[in-house]
Each structure stands twice: as structure tokens, then as C-alpha cells.
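Next up is a structure, given as C-alpha cells.
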Amino acid sequence: MDILTVRTVTKRFGGLTAVSDVNLDVRDREIHGIIGPNGAGKTTLFNVISGAYAPTSGTVTFNGRTINGKKPHEIAQLGLVRTFQRNAMFPTYSVLENVLLARHLQAKQGLFKAVFASDRKQRAKNLERALEILEFMELIDQKDTLASSMAHGHQRILGIANALAVEPKLIMLDEPVAGMNPTETALVTDHIRRLRDDWGITVVLVEHDMRTVMGTCDRITVLSLGEKLMEGLPGEVASDPRVIEAYLGSDEWDL
Amino acid sequence: MDIATLIQTISNSIVAGSVYAIIAVGLAMAFGVMKMANFAHGEFFMAGAYVVYVFYALFGWPFPAAVLMAIPIVGAMGVATERLIFLPTRGNVLAGFMATAGLAFILQVLVGQTWGVGLMRSVPTPYMGAADILGANIGWQRLLIIPTAFAMLGLLWFFLYHVKAGKALRACAQDPETARLQGIKINRMTMLAMAISGASAGLAGALMAPIHPVTPYMGHGVILTAFIVVILGGMESIAGAVLAAVLLGFIHTFVTTVSDAIVAQMVGVAFMAIVLVVRPQGLLGRVKA
Amino acid sequence: MNWKEPLLAVVLLVAAGVAPFTASTYSVEVLILFLINLILVSSYRILTTTGDWSLSHVVMMGTGAYATALLSKWWDLPIFLTVPLAAVVAAVVGLIVVTPLLRTKGFGFFIASFALGELIRLSWIKFRDPFGGARGMIGIPSGEMWEIDFFEPIPYYFFVLVVAVASLLFMYRLDHSRIGKTFKAIYTDEGLAESLGIDVQRFRAMAFVTGAFFAGIAGSLLAHRLGAIDPKNFDVNTMVYLIIWIVVGGTSTFWGPLIGLTVMTIVFEWARPLLEWRPLLFGGILIFFLIFQPGGLEGVFAQVRDRLAARRRGKADRTSAGNQES
Amino acid sequence: MLSLKDIWIHYGMVAAVKDVSIDVAEGEIVTLIGANGAGKTTTLRAISGLHAPTRGDIVFRGKSISGMTPEQINALGIAMVPEGRRVFPYMTVMENLEMGAYLRTDRTQTRKTLEEIFHHFPVLRERNRQLAGTLSGGQQQMLAIGRALMSEPDLLLLDEPSLGLAPIMIQEIAKIISQLHALGRTIVLVEQNARLALRLAQHGYVMETGQIVLHGVAEELRHNEQVQKTYLGA
């Protein structure tokens, strides 16, 4: 079953077409990679899906509901949560406070109830769940560390933990291993796999780095210059000459 | 409204628009180059009026000479403000803006304590008499403002579009980092922008001195109008500021004629609020990609 | 979790209870104004926690003041009704004002709020009936409760004290509630908060309206005390003073604005002999803080505390190191 | 001519460039290649003065330039074409070029340079009165290169000149770069299009997570397996 479908989505900025007529099908409980060299339109597509941009044309369906035109917070509430390339955490809070805050932000209640009710029960529940998430993401040992003073790789994982606090069905990760060394990369990709394997969360991974995508994803969609180049299994993608050319450039230059 | 009143109102509108344009162009320039938002811009206007008061009314210099003095003096105040306030708060528009609110207090007190607080300084009108245009009576003192505004805006336009330093100023406004890569010294440009900004506010104040009550608090009324103009025009756009100034000059004058000055202010503010909501980038503003 | 804050609160409350009996009438009046300003400055902090610095906050206060004047003059309502009703009126006006403002951010918000505030203030000048035009409204009753006349400073002082304590308590709870945390999350990273499912606009509006509500209370209390109000009471000059208090104190903790107001009230009273030179002093202080101490006094306190803690820790480390050696 | 000696660059606490050393000889093209976020652009920005290295030294013509402002470095003869072109959008093509020659005072010489640039990029002459923001991506790239050349720099820094351009445009830009080399220009080229960059350059440095993992003669790197691996993980 497809949890996320993108149909003929086009996004123009003024005269520039950043994404042109793109289709995408993400199956439930898969890790789907969207790759392509710089300027391929990955980030634009990402922003269209998460609601930051409205598409110029085309539709986006998540879990059976049309979500194009909805606001980012509405999409998040429906269970499609994105992370950011950087700063996907509140830097001046501790790790535990980060996840607790992300959970607090979920509560839907009025001003007066928030101020007057003591809601110990809810607090206890939130704390329990936050600790569970940290345990799962292997951040529990650092729960009192200030987010801004954590190692780069762990900050990225905290960003994912914050997203988990929203109880998403699908997480979209924006270049989760950008600028990381191999050890950090392995740590993050390991966590990404566990999201799907242990908690059954669908993952959409937007990445520049092919290596990460190859080892982590079930299926891959390749974009180049705003258009979909191909879609397939990692092995198919890696050996496709069009993809190699998109990444390394053609070898046939007439200088 | 009969023809005479209409002509009177139109000419008053142009005069008002000219003054607003001189004031607002300076504000827009400072904001454009390095996001310097000057709350004390109204006090610079006031300072220009006091320069004329001192040199013309007290020292007895010829009126045009006194007006010209306002340009370097208030221009220097602009440079000092850049060095002392905007440079240390660079990168934080609000902090610079609030700090210049403090500067406004300081200037009001200094001027008030030197030349008196409550007293309204009257600057005698140097050019008496009025032009008679189709039955409408328009004082020469007011009419004088129109060519001065044209000359000043023309000069500024020539500077920005035909002089290297002016072009560099525009380059800084569009992309400061890339401007630096061309060897353009950004710190000189911010000083230059504030010099022009101060000088234009000072010039406007100097021209208005004979027809506007000169008090330490005369900047108050000006700052709101100036910000309305700049926001209407699109914050950083100088052409936008001029267009909006003329527009607001007409709105204010016509509404004042048919109703009163307070309603005119209200209409101006409401107009700006609508523009902000419908077109946040202003009339000629650009959406930054 | 923290015993220091409640203890401090008790000490302050006792001091506040004793203060009027040891002070001159003039000082009591100053204390009344101080308490009113305490509500005002604290209510302003609510908006700033979302990052929306407004220039119309004293106009919201003025809205409460004008509402009070009208309510007590037209319908002769008692003070225990005028104060909450005025707050509601200010909140409603706040909601109307903030709706277009939400389209703007940062500096744009600041300037646009200035303009919309002026629009309201100008309407008080324009509509002589009912607002009394530029000369404002006079003859606002000081109010009474249980046959105690609030024209007397000490009874009114205690009335204001009760209202102020209740208001501050509410705002303190709000600050520490999940809503207060949401405000700060929006300020820290709007995009992240949005991605976690937060309706950013709704919470920004909520902060503005709540702030307006308490500013309305402050305005109402002020109107009853002064007996006469005019549009000049709520102009941008007053607004700059509010900004000075909050910049001097800092906004990152609940206590910052309170510290700022307290210090600046003392400076204000102390500088009374300077007469007209006072604004110069205040302008200078504002510039000084924005440039050299942007975190405000609360930042200074935090630095001192951290340094002391570090020194204490340093000592402890040295002792333990010494123990290990021996 | 230019050498980076063990430089480190930090963004806050994160080290974006670690212990990088690069040497550029007069008249050659040196390319820095590597995946996104490898630290190529940061390294280039350090040379141009937009980012001060936290450790190490950058020496240009025997003089240390680390810690200088971009203005000072430009005056020494280093010009940069920033990533994403960054033309002044509301200035005409001509004005953009003039800004490139901002520090030059010799009018006739400048005029000559301008003619040379128009010779390289005829389209800029045709459109010299058009606002730069209205040019196509490829034309903007040409303008950005032209603007940098206006200062007659001894060293030209190019950041991702092929980014977001259609293949035919990339070919065009590549031709121009090789022409500039033929005319004796010294160039540091940052590119994600590795094959192209290694065809153009004489020496190449491969960056990965802020470090140089490989360097050598471009022709050899072109056939190196590790280069392929850096990009494709194959």
C-alpha cells in the first residue's frame, strides 16, 4: 500500500521551474530515498510535501488524504513529520527537555487549563514516553546534556527523537548525514533503519550522498534538474549510466 | 470644491509630498544598505530646523546659506550614529532601532536644554508673499520646497546611478557579501548611507523651519509619517519611497481639506496597514528569494 | 523543585504588606504606580517570548483605561467589574489588532504595530464623543469596595497589590505551562516548532491577546488612580519607557522585566532633581544596555551566579584532587 | 603562488574543515572536488576572506592573508565567483561588471579588460543594459565570471560554476574556463561535477567530511576508484 503519493507535481518560482511533473510513490513501511546532485530539486520537492510550499500544480496524498495546500503544522499533526538539515533541536534545552518540549507542544488545551490544571497524570505520561523515545534512540545516557553541546551526530539523532515525539507515521529526513564522518554516518543510518524495523515508521530520506542511500534504502527515486530521472532498487540505481552521469558528470567533454 | 481650492490643495499636496520624499528617501537608504532603522530620523529633521534657527534667525546668515549648513551638520550626526549605535548593533535591526529611540530622547533633551523646552522657536519667513495661480494663494516659502526637492532627488539619482560610489552603495544594498568580494568597503558604505540619510532629514527640517513650529519635539510627528512612507514604498526601495511620499502627500492634504488633520493621519496609517497585509513587500518592494 | 523562588515571593509579599505604613503618602503613590507598571511590564514580556516585540502595548493599556472611564462613567459600574471588563475589552481590541499583524514578523511587526496603535490612539483624539479628544477624559471615579474609599492611597494600594499579585501569579504559571513553553519554542525556532505540529500563528495571537488583557488591567487600575486620562499618556514616549524597563531587565526569565522595572523606578526617583535632563539619562541607559549588555540585568545576575558556581566547583575539584593525591 | 597550510575552520563548535593543505602554482587550475557538505565551499570562502580559519595559515605570494577582510584580499588580486552566482540582480549587466572593477583606477586598461570579457562572452555585450536578475542561469554565471575577471585578478576562485545549469550551458562554461587557463590564468575550481573538473584541472584534491582524502595529478584522479567511491559509494 502506498502511504504517500505525489502526482505530477510542478513547482515554479517566477520563471524558474524547480520541480517539473514529478511522480513519487512511497510504500508503507519502506525506507525511500530521494537523491540527486545539487540543484536537482530535492529540497523543493521536500518542501512541497511538508507543506512549506504549495505546488504550482499536482497533488500530494498522505494516508488517503490530500495534503497539498495544507499548512506544515497541519501536515505534522496528520503524522507526516519532517526534520531539518540543521538545528532540528532546541539548542538551549537539555536532551530530555527537548523531547518533553516536543511532546508538550502536542497538547491541545486552552489557556486556562494550561495555567490552572496541574495535570500530573499527563506530565507523568509524557515523561514516560519521552524516556522511551530516548531509550530507543540510545540517547538516554545523555538525557541531561545540553543539546547545543552534543556531538554533531547525536544532535541529528536528537532531531529525529524530537520528531518521534509527535508520534509520526512517516518521517522525512533532510540530508541527515550531511557533513558527518563515516562513524557518525553509520550511527545515524543505523537509527534510521531501526525506526522502520522496530517501530514500523515509514522513512523518506532526501540525500545527496549516494553511499548512505545505497546501504539504507529499500527503493530510490533519482531527480536531476528538477525532473525524475528514474526509480528503482539501490542496485539498479547505482549501475544506471544516467545516474552516474548526473553525479559525476559526463566524461565526453569537447573542450 | 472650487477650482481655486482644488489648485491650492493640489499644490499643497505636492509640497507635502516633496517634504515627505526628502525625509523618507534618507530613511529608506539607511535601511536598504545595512538594515539601519533610525528611530531618531525625526530628531534629525528637528536638528535641521534648529540649524536654520541658529544660523539664520540668531546669527543672521542668509537663509539659503543656513539651509546648506544643515546638510553637513546633520550628515555628520548620521555618521556618528552609524559609528556609535548601528555598528555595534549590526545584525540586530530591532536593537539598533530601539537604541536610536534612546538617541531621540537624548537629542530632544540637548536641544531643549540649550534653546528652551516649551518655547516655540519662530523662524521668520525669509520669502514673504504668495503666488497667485488661478485664484489660489500659495506662499513662496512653500513653493520653494518643490524645486529644492526635485534638485535633491535628481542629485541623489545621479549619484546612485552614475557615480561609482553610488553604484557601490546599491551593490551593498543588494548583496553586501558579494559587494565585499568586489573590494567594496562595507563600513565606508554604511557611513556614506547614514551621511546621506542624515543630510536629507536635516535638509527637510531646514526647509520647513520657517513654516513649521520649531520645537525639540517636532520630530515626533515626522517619524510616523516617514515610516508609513517607507513601508508603503517597500522599505529599501528609494523609488518606492518617492512614489509613496507623493501618494501620502496627496492623501494627507486632500483628507485634511475635506475633513481634518487627525483623520488624514488615520487614513494614512490605515492605508499602510492594508498595504502591509495585502502586499507586505510594499508598493515597489522586492520579494527576496 | 526550587525553594528559593517561593521564599523570595513570601519575603517580598511581607515587605509589600508593611511598606505603605512606613512610607509617606507620596511614596505610596509611587508604589501604586510601580505595582501597575509591574503588571504592564510583565504582560509585555509575554509577547516578547514569542519574538514579537510590539510598539502598541501601551495603547492596549490605554484601551483598558478608556474602557474603564466609559464603563464607570456611563453605567456607574463598580471597580471590581470595570477592571476585568476593561481587560476583556483590551483583549478583544488586541485580537483585532494582531490579526493583520500576524502577516508580519520582526522589524515589520514592530513598525506595523506602531502604526495600528497610533490608529487607535488617533481615534481617541478624533472622536471627542465619547473619548474627549486630545484633552482626554476626566472625572473617572477612584472606586470603592466594601464602603472603603479607594481615593485614599493605602486602601487602593492594597487593592492594586491583590490584583498585581494575582496577575503576576497567573503570568508566572503561564510562563511555566506548556503554553509558555510553546511561546519560547516558537521564538527559538519557528520552523522546528511548526514541523512538530504547532500552529504558530495561533500561539502568536494568543500571546498578544493575553498580553493585551493584562495591559488592560494595568490601564484600568491607572485610570481609576489618576481620575483623568488623555491620549498622550499612551503615546510612543511612554512605550519607549516600557522598552527601557524590559531591555534593562532582560526577557529570558520571568524575573528580568521585574528587575528592570524596579531598578529603573529607583533610578527615576533618584534622578528627580535632574528634572528635564532625565530623558537623556534614560536614553543613555537604553543605548548602553542594547550595546553592552543585551541580555539585561538578569544576564548580569546569571553571569555572576555561574561564576560563583564555577568557583565553588573549582574549589571542590581542587579538594577532591588533593584527596586523591594524598 | 597560493598555499593553505594545515587550516581548520569551525562553524560554532563544528569543524567544517580539518587540517587542509593545498598548494596552487602559477598558471594552473587546481580543483577541489567532493560530495555536498565536504567542506569545499568553506575552504574557498576562507581563501576569499569570507571565513577566517581558526587555525593554520593561508599564504598568497609569500604573504599571509588569513584574517584579512574580503576587501583587502580582493585588493591583493584574488577574485571570487561565489556559489549560486550572486549577481547584483537590480543592477544592469554593465553596472555589475563595473562593480567588478571597483578598485581599479586606470580607465583605459579597464576598458581593455571589458573588451576582452565581451570577447569571451558576447552575450554580455548584447545585454549590457539589461538587469542582471532577468538573465538566464547560464548568462548569470557568465556575468559572475566576467565580473570577477574585471579586476584582472592573479587568482580566480570559482565556486560550483556548473551548479543547476543544463548540460549545454555547462559545456559552454567549461570551454570558457579552459580558455582562461590557456591565457595563463591561475584558477581554484570547486566542483561537484568531478569528471568535468578533473578534465579541466591539472591538480585535484578530493575532500570528504572536511578533510582531504586524496590529491594528485588530475588525469590520474580521473581514473581513480576512490573518486568514484566518494561520489557513488560503489
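Each chain gets a letter, A, B, C and D, in the order it is written, and its residues are counted from 1.
The working rule: a residue touches a chain if its C-beta (ideal position, glycine included) is under 8 Å from a C-beta of that chain, and two chains touch if they have at least 3 such contacts.
Quick caveat: nothing in here was measured; it's all calculated off a predicted structure.
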Farthest chain relative to chain C (centres taken as mean CA coordinates): D
Centre distance in Å when chain A and chain B are each reduced to the mean of their C-alpha atoms: 49
Length of the line joining the C-alpha centres of chain C and chain D, rounded to whole Å: 53
Chain centre separation (chain A, chain D; CA means) in Å: 32
Gap in Å, rounded to a whole number, between the CA centres of chain C and chain A: 41
Touching chain combinations (by label order): A-C, A-D, B-C, B-D
Residue ranges of chain C touching chain A (in the complex, touch as defined): 170, 173-174, 177-179, 181-182, 185, 188-189, 191-200, 206, 210
In the complex with chain C, residue positions of chain B that touch it: 35, 37, 85, 88-89, 92-99, 101-106, 108-110, 112-113, 117, 220, 224, 227-228, 231, 260, 262-263, 265-266, 269-270, 272-273, 276-277, 280
Of chain C, residues touching chain B in the complex: 53, 100, 103-104, 106-108, 110-112, 114-116, 118-119, 122-123, 125-126, 236, 240, 243-244, 247, 276-277, 279-280, 282-287, 290-291, 294
Residues on chain D engaged by chain A in the complex (per definition of touch): 13-14, 16, 35-39, 137, 160, 162-164, 166-167, 170-171, 174-175, 178, 192-197, 199-200, 209-210, 228-229, 231-234
Of all residues in chain B, those that touch chain D in their complex: 164, 167-168, 170-171, 174-175, 177-186, 286
